[in-house]
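Below are the structure tokens for one structure; questions will follow.
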């Protein structure tokens, strides 16, 4: 089966040829298959955001190619533009891009740029608003009258309305309170289930990726250093810590337990922890 | 000894726009912060925590009740500058509080405003930059620093004014985990080593867990307060407010629902693992 | 990309040039420009240019930085050169083609004009490269202070300049980000009629303005929290004080001016 997206040995340098030159991506390769939920982790400056902007053709790699559905996204101009719609990219703090007079018009901006007819635009705007919990009344309001969390969700709806096959989100929960974070993650899940979409999410929250992702990419020093299932990656917790990254708190607890002589392999989420410890025959006080 | 901050029966209503009714935030809130304390104020969006912070150095004035800062009534015009000398504020967005385009010049901004002689400003700037670990960057341009570094520069700018109290309004909301650690460690050290009173507004539970005292705000009233252990063991209450306890407490709570009886005051992985270890090995003996 | 623009770029250092009082540097720049315009023959040009080259070498700043800064101005310099080349008449005709006559005098003049512009721009770069924008602002504030008496808000202007310099890189970076984000939603800035292209700027300008206002608002609050009350009673971290070095610098430049005038007047 052809992968949905294939990244083939790409490298990219910012401000090439100046004293400020900085290699942001160094020979990165991986494939994305339809239906995956991929978490991307790595600290600031590891090249994550640069990588994201390559996947929908906003940046052109200095070396290497990116194939969408088997076709090089830079093969011709029209296709590059089409890629922007097939690979939806939600930037960090997307609420800072809202500009229209109404939430409705803002969400419609993307679909309109796709050249869809009015009824299709309308359908998509309403459906996208539904995914992120924006009400009919809020659609008519100015985006600047919404609360912080609502603005963020309206901005995400603007990308979701383009119905991308691959939805990429760069730290979609940054700066939100626990309830706001939970809402956004639920919205993403809802979209994924309804549209059978592929999701790629950059985040600093190990707890979130441990819970949601079925595959993790770890970036460090402009390179892709780890690529595997959460089990594989978190089994290697020490190497994450060495890179200055966090591990899920549950993993920390189970690492400590392991040192005390109790070994439960492959536990890194709350659910798994509860299952592992109860299956063990614990909880006799019930 | 006088309290660093004393809030008594605080009422505050944001004035309405064009005839619409105002939004009442506080309706009789009382709170005391002792000198040398480290208080974390927790709360979801709209809980009033940022509004409260703005009362601590007279950016906002009470509509009813009184706020005393180091014994000075914030409502009195003549107290404005003395209060702001005593209470420094650090805000969420690190970019929007740095005035100058050289680190040391920015740190000097406060003391310059106070009319302090040049020689002494130099001493204050150097020692403030040293205590936040940014002395090596004193000649750098702020926009090239990381988020955590910018926040530490902002903290140094406050320290250079020799305040008794520092109020930080979600200083880590826009930072990555590394930046968050840098800022939190800096603030903890200032409290410990220099006895500076710290009021930290946050929605990160792990940060609040490091405070001496936690105050949970909900819709402008205090929903819970006490030591971190006292507050975080009230897991159900926190959930009902849209907040969460630290992951370790959540884990113990989830296990207890399966019949374990683990203590809910374990705020770090090691002690949490110990509790689980004790519970399980206790069971095996019986 | 927008953030590659080196506007008001400052390269920290500790050379003699870096250590001069910023007021000295400003005054010297004005004096040097005067010398450039007085210079009119080979020797005086050699002297002024040589002086600049020595200063650049002393400053320790990479010549590359100057070339990079000059790039956007090449067109202007070429235009000046061509105008002088074609429109100067003289005695020694070098090239005659259709209605165009190029004289030796024109050629010499064009070269001199280009060199003069080059020196002028590089000298200005040398000032901004070796002086932090804040020091420069302080110097302007200090030199313009007498104008405060006739009602010019000197402190406020200096503060505005300082904040503008601080936020230009931040806003450029933000503009880059907004452009990318709107492109990700299919915004098209490259095709269409002029009106369409202007319209296409709305999704960039609206968020940018909103952001700038939000920043201004937050910055104002932060400044107030740090006891800012205007220029009254303010002191400075770095008090401007002329040191012996500055008097030497004035001396050297006085000599340069005198030499240039002498060489020009006596046509050596």
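Per-chain numbering from 1; labels A, B and C assigned in written order.
Throughout what follows, contacts are C-beta pairs under 8 Å (C-beta built on N, C-alpha and C of every residue); 3 or more make two chains touch, one makes a residue touch a chain.
Please read these numbers as outputs of a predicted model, since none were measured by experiment.
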If I rank B-C and A-C by number of C-beta contact pairs, which comes first?
B-C
Taking each chain's centre as the mean of its CA atoms, which one is most distant from subunit A?
C
Measuring from the mean C-alpha position of subunit A to the mean C-alpha position of subunit B, what distance in angstrom results?
30
Distance-wise, how many Å sit between the C-alpha centres of subunit A and subunit C, to the nearest whole number?
44
Where in subunit C do residues touch at least two different other chains?
none
List of subunit C residues in touch with subunit B within their complex:
10, 12, 132-134, 162-163, 165-166, 169-170, 173, 214-215, 218-219, 221-229, 233-239
Sites on subunit B touched by subunit A in the complex
43-46, 92, 146-147, 173-174, 176-179, 203, 205, 242-244, 246-248, 250-251, 254-255, 258-261, 269-270, 272-274, 276-277, 279-280, 283, 286
Subunit C contacts subunit A in the complex at 1, 4, 62, 64-65, 68, 174, 177-178, 180-188, 202-203, 206-207, 210-211
Within the complex, which stretch of subunit B touches subunit C?
57, 59, 81, 84-85, 88-89, 91, 93, 95-102, 104-105, 108-118, 121-122, 125, 139, 141-143, 157-158, 161
Which residues of subunit A touch subunit B once you look at their complex with the stated criterion?
43-45, 147-149, 174-180, 204, 207, 244-246, 248-250, 252-257, 260, 262, 270, 273-274, 277-278, 280, 282-286
